[in-house]
Structures are given as structure tokens and as C-alpha cells.
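Below are two complexes that have chain A in common, paired first with chain B and then with chain C.
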Partner chain A sequence: MAALWRGRHRWKRTNCLHVLTRNLTGKYDYDLVVIGGGSGGLACSKEAAQLGQKVAVLDHVEPSVKGTKWGLGGTCVNVGCIPKKLMHQAALLGTAVKDAKKFGWQISEPICHDWSTMADAVQNHVRSLNWGHRVQLQDKKVKYLNIKGSLLDEHTVKGLTKAGKETILTAKNIVIATGGRPKYPTNIPGAMEHGITNVALECAGFLTGIGLDTTVMVRSIALRGFDQQMAGLVTDYMEAYGTKFAWQCVPKRVDKLSSGVLQVTWMDNNTGNEHKDTYDSVLWAVGRAPETKALGLDKLGVQLDKETGKIVVGADESTSVPNIYAFGDIGEGRPELTPTAIKAGKLLARRLARHSAELMNYDSVPTTVFTPLEYGCVGLSEEEAEKRLGKDGIEVYHAFYKPLEFTVAERDASQCYLKVICERDGDQKILGLHFTGPNAGEVTQGFALAFQCGATYSHLLQTVGIHPTCAEELTKVNITKRSGLDATVTGC
Partner chain B sequence: MTQQWLSLDPPIPHTHTHTHTHGCSFLVMAILAQLSRTSRSACWFRHRKQLFSSFRRHALIRRSMASDPAATDTTRFDFLVIGGGSGGLAGARRASELGAATAVIESHKLGGTCVNVGCVPKKVMWNAAVHAEYLHDHNDYGFDVGNVRFSWETLKAKRDAYIGHLNRIYRSNLDKAKIQTIQGHARFTSDPEPTVEVNGKKYTAPHILIATGGQPSVLCDDEVPGASLGITSDGFFELETLPKRSVIVGAGYIAVEMAGILSTLGSKTSLVIRQTTVLRNFDSLISTNCTKEMQNSGVDLWKNSQVKSVRKTDKGLEVTIATKDPEKKNEEEKIRTIQEVDCLLWAIGRQPNSSGLNIGEMIVDTDEKGHIVVDEFQNTSRAGIYAVGDVCGKALLTPVAIAAGRKLAHRLFEGKKDSKLDYSTIPTVVFSHPPIGTVGLTEDEAIKARGKENVKIYKTSFTPMYHAITSRKSQCIMKLVCVGKEEKVVGLHMQGLGCDEMLQGFTVAIKMGATKADFDKTIAIHPTSSEEFVTMR
Partner chain C sequence: MAHRLLVRRIWTLSAKDIRCLKTSTVTTASSSFSTSLQSATPRVSFLSPSRTLPRSLPHTSRREVSFNVQDHEDFTERVINSELPVLIDFHAHWCGPCKILGPRLEKAVAKHKGRVAMAKVDIDDHTDLAIEYGVSAVPTVIAMRGGDVVDHFVGIKDDDELDSFVSKVIEQ
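Moving on, here comes the complex of A and B:
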């Protein structure tokens, strides 16, 4: 929201410049056509417009299998970060009620949660954001077209309205930022018909948090790609919190019983036995797939990755075809994160407008998983650091700490943990920093900045702590894993 | 058992536009003014120290040649620490780890201000108050929690149990480290070698650390008749019930935090300040915003006001307050009273615990307020005697005392000659509602130091996403103070949800010399409030 009205002020400043320089390209309808009105596409188109380019952005939402549609803003605003974090907040409040009792609040049982109150509030907020994005595009003179775009050649886009009307747009450059959508497992009978999709642990976490009986079925490991010790802490905490896990299990089929409930049949790979149980809802969180099919990329020879179907991109977001660029979730090997898409989009716009040559730096991308116990990190996982430098090449400082808010609340803090992975030699440059605990997202951002500045272990120690906070533990960490000493923090 | 009913409406007014905020209270700083003072004395001090050290060398030689019979009655250590608070314990434990025979003298409870009457119980109370705020938001997030009531007694019992637990941990940490704990008041004797006496027994060491901390300042009845009917923050932690009517006097972070906690937990709270804003040492944005948040959250603010007298009646205290706006010269001073006050809390500053030590005997210099004067290495004017923490009056913060104590131990017992604490870039959080985080220079300080043309300010304010679906709102405000062409970030100031946990990492980066460009290069974590710092324009 802040970004919305800040943006409006900014626009006023650059407005004049804009009018002077636009329409000088002549040869094409637009300097830039962006396909995809998600975080990245919007950021790219607005930035380009501010730099005086004539820009159009095409957005179209293909309804989900269940028929759900949404407005401008892409995954993040509609079906990702924003609603997810709000539901995470709801779950945290569910935990807070229990803590409040320990803090002297007397609350009559039972405490009920009304899904529709929360969902309506969340939807209202999302709609206000959809509207805000529309207003911003208008303010910044970006042409918004609610049509489905596909490419005819490297300068031409064909748009199709819902009513089937065709529009042809030409542009000097075309940017593809159509993102991705959750996958359904196509090989499991009943999956499409009876399931919904989203991200696994975060969803399971907030469903548990608002009091719903939730089971997560995991084929192999949780949070693949993340540090696995941290992933283990996240899921341990969830288990203690009430989320059930069916590890090493693979679903076989989903059937709707006459009572309306869904019967899931799965194979337990630990025992080789088949099991059945019934649930009200089945949610698939088996990964995300790019939205490339309708774009007509094959005819133009835009190279796609065979396995993922994502577009192969260079460091400057260029595809194999000149004048066509792609970034965000649809780019092969790119992190599927809103802020990287926004930043990459802005930088791309600046390069296309010949305003700067700066490339996006995809290293040192911090992220936070909003599970019941939040997990924030930046840099390498311990596994990856070990792979690159060897076990003897790294020093891992770690600590199990107890947040003060857990003490009076009598909450178990065994998963509140942090580790800092450093080079063993020289200045002990930090390679990775990992933190589980309350407010991990807010804790991690500043450390990500320090990491970006090349922080070493001694930079952490030289910084005076802030007492009593959880974040201060990162400036006090002093036990190495190598020492084998107890890493539990005692006292102030 | 008294219980306070919390109705879900009244204490937090509802506002409807984002320019209004609800809120409450705040944090910790008051350091900068003191910094400049001590740095001056530190220079002066270096000269004196040189004089003293040569003098002392002679003294040592003389003593080692004479056989002193009294020395046999005196217990000797390598390191003697007076004061078992954050700084003293940290220094003692580190010294002991480095092989020094160490003792800690404590007259009260181990853990000092922080553990017993400071940071820890304060934050527990703040957490309880945050739950009060959450309870207002539960309905908006779909929870039906019905009527709730608050039992101060339950909270206090649990808080005390936790503090007792910490006291025991501190004791066992000392025992494990083979550090002797001596219970009682230490007083320097007139022996030629620095020596202290505790309960009639003498102790000495070549290195003696004074870490006796401080205590809340009080007014005497001569200054304000009836002043002693009030309590201080120490007394706040002894309150057995939630006061129905509270009056807090002071504009510093302790006043702000105490008023915030009491008001949020349901006490009708008035805050009496001498001027027009709280936290005047902070960046003006924070000072103004915090004042506004407190008023929005229902704290009754008495500006330009001073307590004239306090009287006990059978219904509680009657506090008489004089108010005069200095801008309206012709206006008469207004005298008004607040009736039926059951908690009058003075939060008018803190003073060092240096008077009972008999340090004058040791020729240890103190300033006019009794703070022990130390140089950047924590040396006092007497060789072999050092001081850390609040007793020095500089950056009254637990982590500062801890770090200074440890650095000193490394210097004395590990031969690290340059081991000292860097007092610049010390972050501070005020646990107001919402919390404040601040580090480095304020805008005014930066302009004074570098000239207006060399200072660039970045600011933002927004409603945190948490409030997207709540009727209770609070703003998050942020400011970066940058200097020079390279836009080096020299100050960061913020108030809003989560700012308490946000600050630490930014402090690491600012201490490393981060520029605005470094902020811009950093990728955001979405959706958080802290990401606004790396996406600011």
C-alpha cells in the first residue's frame, strides 16, 4: 500500500519528461509491450514509462480448474504472498490467544474461528490492491489491456479479448513476465477433480493455526533447496504445533464418497503398505509450472528448458530471440520470488530505455518462509557451502535461543535456532545466514543488507546487540559446530 | 484478587484514515548528549592517566619491597568485580574463562537492573500489553474470543517466577565458572593498594572493576511536596495490582514505555511532560510520531506541565500540576489536579550507584552527577580500577555494558592491548506501542556535523500489512539519514510493528559503512515492513 501512494508522488516529478520523449519511436505502436501484469510485469512497465517509453501491459487470468479468477497484480497479490501472509497473521493470532492466557488474560473457551470473516477481509484487501495497481498504471501512463497476449514475431503481439476480438500490437521490445501457476499431479486419478493447489508448509501451518485438522503428505523431503537442518526445525515445530505429517508417502488416488468427503489412498514407502483416510479438502502443492503454452513461443524459436518448460534467459533477461526478453517466475533458474521479479523488471526497463547497464544480481537473495515458526535466510545452505568449500573450509557458528516472548508463555523453543556459515580462513566472510523464530522476515532483511555489503563474522560480533530481542542473538553467536559444545544460549 | 475488565472497544480509538494512527509507546536512547560530554572528558583524561601511571609504578615497587602484614587478612583475586549486573557478570565470566581468579560482589540480586527491574521484566509487561492489542484485532481476523479480562496478579506471579529462574541461572553460571560470589556492599578502604571491604572482610586484586550500575532518580519532598508518595520504575515492578489511575512524570524512554504498558493494559494513564513532545533526544520524526501515537492510543498527555505537589487522600493520591505554555507569555500558569491516582510514577532520569563506594578515597574521578569518568578503554583515573556500564553514564544499555566488560577482560587477561568497545553506532529500541528502533545520527545531528547541503533524507510511512484487515490501525514510519556524495547511511530511525526485531541487521550494515546504494542493491523480503528500507526512493 505504501508503495502505491509513494509511487503516485514520484510520477508527478517525471511526468513532464515523459510527454516530451514519448511517441518518438514512430515505427512501432509501442516502445515496449509487457505480457503479464504480475509483480514483475507491472514494475517493468511502470519503470519504462517513467523513463519516457511508450508502454502497454497485457494481463489475462486463465481461470483455475475450480473456476477461480482474479484481478491485476499476478500471483503475489491475488494468490500468493499477500493473502498467504494475512492468513499466516491469522494463525499467529490463534497462537497468541493461547499465549495471552499465560500473560494473565482470562478468555472463555472455546475460541472459534470463522473462515468467511477472515476470507472476506482478505479478499477485500486484495481487491483494493487490484484497484491500486490499475490506478498506478493510469497515473504512470502505462496502457493496460485486459487481453490474452501471444507472439507473432519479435515485434508483434496478438491480443485476444474474452469476447474473442483480436488486436495487433507492435513494439520495439517485448517482455514476457507471465509467471507460473501451481501444478496438478496429472497421474493421480481424482486429483484435478477434487483438489486445490498452493504452497505446502505455509498453508498447512496457517490451517493448523486457525484450528483445522491438517495433514501434510511428503514424498521425500520438505523445503527442497533450503538448508535441510533448518527445514527439519520448521517441520519439527509444525508437528509440535499440531500439523500431522505423513513422511515418505505417495498419494495413489482421490475419490469423492457419497457423503461428500474425499477419500485419499496412498502408499507408505516406509512400510510398503497402502492406506486410506478421508478429508474435507485436498490441496496439491507439488510445484509450479510456467505459463508459456499460449504464448506461441515455439513458432518464434524462443528456447525453452526441456524439463521445466521455462524460458532460457541470459544475465540480461534476453531470450534466444532478439528483442524478446523474459524474467520472473517464467525465467529458467530464476528464484520464484516477488522482490526479485520487481527488481529484475525495473533493471530491465532501465536497460531497454538505455538509462543504465546494470544487471540484476541473483546472488544473495534473502527469503523468508512464513511457516508457524518463521524461517529467514540469505546466502548458501550449509550443504551447499560444504559442497563448494569442503567441510574443513567452513566454520558454522550456531545457537539455540529462547525468545523472551516464549518464556512466560511456556512455549517450547527447541526449534528457535540460528546459524551463520562462514569461510574458515581469513576474515571469516559470511556465506550463509539462517534464522528460525518469531518475526524472521523482519529480522533477516537488515542482515541481508549486511551480507550484500560483504559482512564477516567479526562484523556481527562488533555490533552491539539490542536487548531483549531475538535478532540480537545473531550478534552474540559464538559456539562453532566443530567444537561440539552445547549451543544453548543461557542468560542475557 | 482484583481483575480488570477489558471491553473490546474503549482504550483504542478507531480512526478511519491512514494519516491517523493508534498507538502507544516506546524505547530507549538518551545517549547522544551524554556521548559528547564524555568524549570531551576522555581526552582530558588521557593526560592525567599518564601522570598517574608513572606515579603508580613507583608505588608498586615500594609496596613489593615492604612486607605488609595487613595483606594476610586480605583475600586476593586477579580480578574483583563490584556489581553483579549485566556488565559485571559478563566481564567476570570472560576473565574467568581467560584464567583469572575472579570474584563478584553483589549487594542485591544477581542480574542487576536488566534482569530484575529493567529490560527483562519490562519486555514481559510489554508482551502482555501487545496481547491486549491483539485481542482487539482477533475479531477482524475471524476469531470469536468473546469477553476477556486481565489478571495482573497472574502475570506478576509468572514474571517473578521467571526472574527468579534467571537469578538462579546467573548464580549457577558463576559457580560453574568458579567465580566466587560475595554478598554485600563493597566500600573502598584507605589501604595503599586498592582494596574493598564487604561485611568486615577485605578483598583486593590488581584489577578492580566497578560495575554498580544506576537507579532511578527521585525528587525529595523539599523539591516537590509529597514527591515520595510516588514510585519509580523499580516500584512499578512491585505493583501487586493494575492501577486504575496512573500518572507518569517524564518524557524519556522509560516514561514512554511505562505509560504505554499501563495504558494498554487498561489503566487510565496521564503522562506529564515539561515540554510538548516525548523522546526529545530522538530524531524529530520519532519524537513527533511517538507523541502522536501515545495520544491516539488513549494516553492523556499533559504538555508544558510540572507536578507541583502530591497529597494523600483516602481515595488515593491527589496530584497537582502546573501548566504554562512558554509561547503564550501573557497567559497565567494553570493549576489543575488529578484525583484518585493510585500510581504516581517518576521517570525523570537515572543516577549512578557510586556514592556508597567511597571512591573519593581512591582518587577515582567522577563528574558532577557522580558518574565515574573513564577513558575509551574503561580506565578510571586510578590505575588498576576500571568501570563499565550505567555507572559511567554513557549509553545506558545492557549490551553496551556486557560488551565493554568482555572487551576489558580480553585486554587485561589476554593481553589484547587494543580491546575496547566502539561506542559509535549503538542501536536502541524503545518498547513503545508500536516499538521504535533507532541507530546513529538524527537528522539534526547530521546537519550540524556535515552541513545541510551534505545531508540527504529518505522517508516513508505506510500502514503495515498486518493492519490491512484490522479496524485498529498504526502507522510505520521510517527515515534514513545519509551524508556526502556517496550517501553513506549515518542514521536510521523507525517506529512501527516489528521495528524492534528489524533494527539489528541494519545496524551491522551501517556499522560496516553501508551507503544508500547498498540498501538499493539488497533484495527485498516480501511481504515484510523491513523491505521498505531497501525499496525507498
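Moving on, here comes the complex of A and C:
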């Protein structure tokens, strides 16, 4: 009944009424079918079930070029955030062991790292998460189907099992949360046969950390979309840490030599020269794209972004087709992050169950890059702030600090830095906050709350720091970029 | 090759000594054997001699302390329809505590030779079965008698606790 006054468009209203009538006669198998059992899909389906909806979630992993598959939970759990952070931790521990000697630990050098021990441990944890998700779906009474879903019409989903058996499901609403997969370069001979994919800097970082000789080949800039001054600090640290960088280089081809190694040929756009070198593995980290073709979206008229191939979505995650919604990585313009997918999924479920009208707020989303020197941020980059308010409209407070833990360990802290970008006038509302240093993720989370509450520079000054920490430097920051003064923090 | 392994197995089982070590060797060997069998010919199970092996070796099924459940049918036949009370060890290869509890359980079961059996269920291989029995965390051990669940526990227990658990199940 709520549908009658809720609908924004007349046709949609009639449609909703139609749908309600059909539902009353029990015409649909499910109230909601979610295609995609990742961070977003699982959160959405569980929330909907909790609100009394009859929900089914379809999860299927298309094997990679090399035949790799994984279990329930999506990218984050299986091949993203979770294994990434664990391997990042493995690398950090390697550094910690090296520092330990300075703190008095008697450790016999050299220490070496065993890949399979780490890989097995990480995989075991991932499997436990796959199982955990399976149990949760059961507990929350969500029907789980390990089948490949595609759309036949706005209320019908076709499912294909591994054995090729077909199932048809009808649903009042359909949600697409199938995320994305890494892209393989299409114009580089040998790329698909010999390469694997992942998130560039974070991977290069922990691979270097566990002792592997790693080179990052960058076509133009690192961390596109992020504050470039901070991106520079991140890569400077990595270079000092041992990761090699090939800037402004573009690979031309990859060949497998008889010895089994891979020969990469590339063009150095700085010099215009061509180079060749051999490597054991080649990882492509050139972006991610959704697998929309297999979903059958074109037949239904679901509007896709021409450039990215992602689904064009409204503020309420609706698509161009009524009753079909899309969110998470597959939504055009959406951050490719797990927390936003989870939250958006939950809110969408609430709206579909007519429980609330709250929309997802995609502003002020904090994030962290887990490179060897972690970088956490919330809000605008300096470039974006300048674009919106002009250089004169903002005040940037910054500081170079040294984590206490680095002192005894005799570690170089030249890239440990923070900046708070504020409005120049009035209360000096904080527009963006950036921090490089150990545990940047943990540090940034708390400040994200402040940001959400509309914190100003004066709020920051009023906050007493916790000592001795790196985070407290954010509460003490007072040198502006405009002043041109030395921003290095002196001891307490 | 299968036959040779078979012969070796019978020899080990018919040995009167069912020390903890021997038992776990048998189980490990049997689990690896059944795994390799599974990959070669699905549904063939050494441990259901009535189904696949020559009738001349039925005594092995009576002697076995623990076995890996192969499928739903196998579960029905050897757990639900078992004359003995059965301890079902729901475990996973990625679960550390399971690897600790497993041998301990075998030891406890072996102490009461012939009065209780133990079925091992890998929850990744038999997800539906595990879900059916409400397994959420592993290890979970369910005690069954005449097809009914009579007791259960989740997590690790030490040898004494396991002893009393098994005794309780048998005495019921």
C-alpha cells in the first residue's frame, strides 16, 4: 500500500501496484533476488531477510584465465581486502623483526620468508570466512544458490549451475551486486597467457616486504584520484624501501622464454627507448571492470556507462529498469570499497522492504591505502579543494612528524606526513584530512567520525592529543603551507 | 596398487594393539586413501566393504574406529542406522583447533573399542550435511544414538573431558 504514495513517477506507481497485486497472488518465487554474494550482496540479502522478505542470493565465480576460483564472500574476502591486509601484515612483521634487534631482541640473521606458509595460512582464514558467510545466510534464512545468474526480464532471473543445469527464479525486485574483475590489457601480446592481476602499489609493497625483487611499471601517475602530494610520499617511501619503479613506461609485449622466465618488452616514454628484461611473474594491475555482458543487461535495456561498462545508477541505486537495482563496485561513480557496498546494500534492503527512505551517503568516505607506509584519508584532496574553493579559499595545515617507534629503530621517517585542508574563513571547516604513517587506517577511522560531524580546525585545536602516538600530531598541527615555514615537528 | 594398500590396512587393523598412534596412522592413511579414491573414482569407498570390495573382508568394518563420511547415503547407512552410538566430528582442513581435537577424539573413542564409532565430516565437502545439523563453528562434535542426537559440543576439549563425554554417550 505504501507503494501508492511512495512512487516518484506515475508509471512506477502503477507498476508498484501491479507488483503488489501479483505478489498477493504469490506470483513471484521471491521478494528479492540478489545476484552477487560479495560484501554488498550478502549485506543486502541478510538485511532484507531480517525484515521479513523472502530472499535468494546467487553467487558464482567465473574462473580466471588461469582457472582460479574461490568461495562465497566476493572479492573482498577471497582476493581483495582480506588476503591483501594479511600479506601486508606479513611484510610489516618482516620489517618489525629487523627493527627488533635495535630494541634488544637477539635474532639471528638473515631471516627469510616462506611463501607457502603464508599463503596456506591466509587461505585457511579465507576458507573460514567462506564458511562463516554460508552459516550466516543459513541463520538469517537467505536462500543461497551457487549458480551463475543472468536476467531474462525485470522479474526473472536465470541461473546456471556448474553442471549446466538451468533454474528460473522470479522476483519482485532484483538487485545486481556482481562487482568487478581485474582487467587484462588487450593490446599487449602475451598479457593474458603470462600475467596475473591485482592492486598495484599494495601488492608491490608487500612483495618487496617479504623479500621479492619487485618493479612497478607506471604509465603516468600513481594512485590516480588520490591527493597527488600524498601519492608521491607513498611511492617515495616504497622506493627507499626497495621497490623499483619504472615511471612513464608502457609494456609492449610479454614472451615466455625457453628457460621459463617471462621477458617483458616496454617503451620508456621519457627517453623514447625500448627496453627488455626478464621476470618470474608479471602482475597486471590496470584497473577493474564489471562483467555485465554475461548478465544479459543489454537485452533488458539497463543503461551502462559507455566508458567503464558499469551500470548507471540513481541516488537510490535504481537502474534504468524499474525493479532492478545495482550497487557496489558495479555502480558507476561508486567507490570500490567494501564498507560503502555493505552500507548501501543494507539501506537498499530497508527501502525495498518499505522500512525506510534513507539514501546512502557517499560523501566523506574514509579510506586507506595499505602500502608499506600506509596512507589514510577522508574528504577532499588538495587538488579538489583548490578546484572548488580556489587556492585562496583554503588553508592547509601540515606537518612532517617522526613516529616514536622509528627513532630507536633508526628508520627514515621523511615521508611521515599529515595535512588538514580547511576552509580559510569562519570556523575553518575541515574539507580533507590526509595522513601517512604506521597504522594509518586505525588513525583515520576516528577522524572520519569527526569529519562526519562537520569538524572544524578549532575543534581540532580543542582536542587533546594522546601521547605518545602518531595520531596526536593531527591535533597539534599548526604550520600552514601558506606561511612557507618548516613543517617538521620538533620533539615534545 | 589399491589392493596392496588394502592388504596393508587389514594387517594393521587385525593387529590387536589399537594404540593412539596406530589409530591415527590408520585414520590418516584411510583419509588420504579415500581422498585419492575420491579423485579417481567417485563413490568408491574402501571403508564400505559391503559395497565395493570382495565379501571376504567384512571384518574390517567392525574393527574400524573412525571413518570419513563419503556422502548422504553413506551418512544414513553408517551413522543414522548404526547399531553403535556414533560421534560425528565436523571439521575443516582450514581449522587449526580441528587438527588438535581430531587425534584426541580418536584416542578417546579407541579407549572404548567396539562400543562407539566415529564419523568424520569435512564441512567443505559436505556443506549441506553440516548445515542440516546446525554446525556453525568447527570443530563441532555431535553424538548420535539410533539416529537421534543425544549430545554435542563445540570447540576443543582436553583428554579427560573427552573421556567423560564418550563414556556418557555409551552409557545412555
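Rule of thumb we're sticking to: the second predicted complex is superposed on the first by the 467 of 492 C-alpha atoms of A that agree within 3 Å, B and C clash if a C-alpha of one lies under 4 Å from a C-alpha of the other, contacts with A are read in each partner's own complex, and residues count from 1 in each chain.
Here is the rule we go by: contacts are C-beta pairs under 8 Å (C-beta built on N, C-alpha and C of every residue); 3 or more make two chains touch, one makes a residue touch a chain.
These numbers come from a predicted model, not from an experiment.
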item	value
First, second, both or neither for A:Leu93, with chain B first and chain C second	first
Chain B versus chain C as contact partner of A:Leu223, first or second or both or neither	neither
Contacts of A:Arg134 with chain B and chain C, given as first, second, both or neither	second
Touched partner set for A:Asn361, first chain B, second chain C, both or neither	first
First (chain B), second (chain C), both or neither touched by A:Val142	neither
Chain A: partner with more touched residues, chain B or chain C	B
Chain B versus chain C as contact partner of A:Cys470, first or second or both or neither	first
Partner chain in contact with A:Asn124 - chain B first, chain C second, else both or neither	both
Which superposed partner A:Val396 touches (first chain B, second chain C, both, neither)	neither
Chain B and chain C footprints on chain A, overlapping residues	124-125
Residue ranges of chain C touching chain A (in the complex, touch as defined)	92-96, 123-124, 127, 131, 135-136, 138
For the chain A and chain C complex, residues of the former touching the latter	123-128, 131, 134-135, 138-139
Chain B residues touching chain A - in the complex, by the definition given at the top	3, 6, 86, 89, 111, 114-115, 119-120, 123-124, 127-128, 131-132, 134-135, 137-155, 158-159, 162, 166, 169-170, 173, 397-400, 402-403, 421-422, 425-429, 437, 460-463, 465-466, 468-469, 476, 498, 500-509, 511-514, 518-519, 521-535, 537
Complex contacts: residues of chain A adjacent to chain B	1-3, 6, 10, 76, 81-82, 85-86, 89-90, 93-94, 96-97, 99-100, 102-108, 111-119, 121-122, 124-125, 210, 337-340, 342-343, 361, 364-368, 376, 404-405, 407-408, 438-439, 441-450, 452-455, 459-460, 462-472, 474-475, 490-492
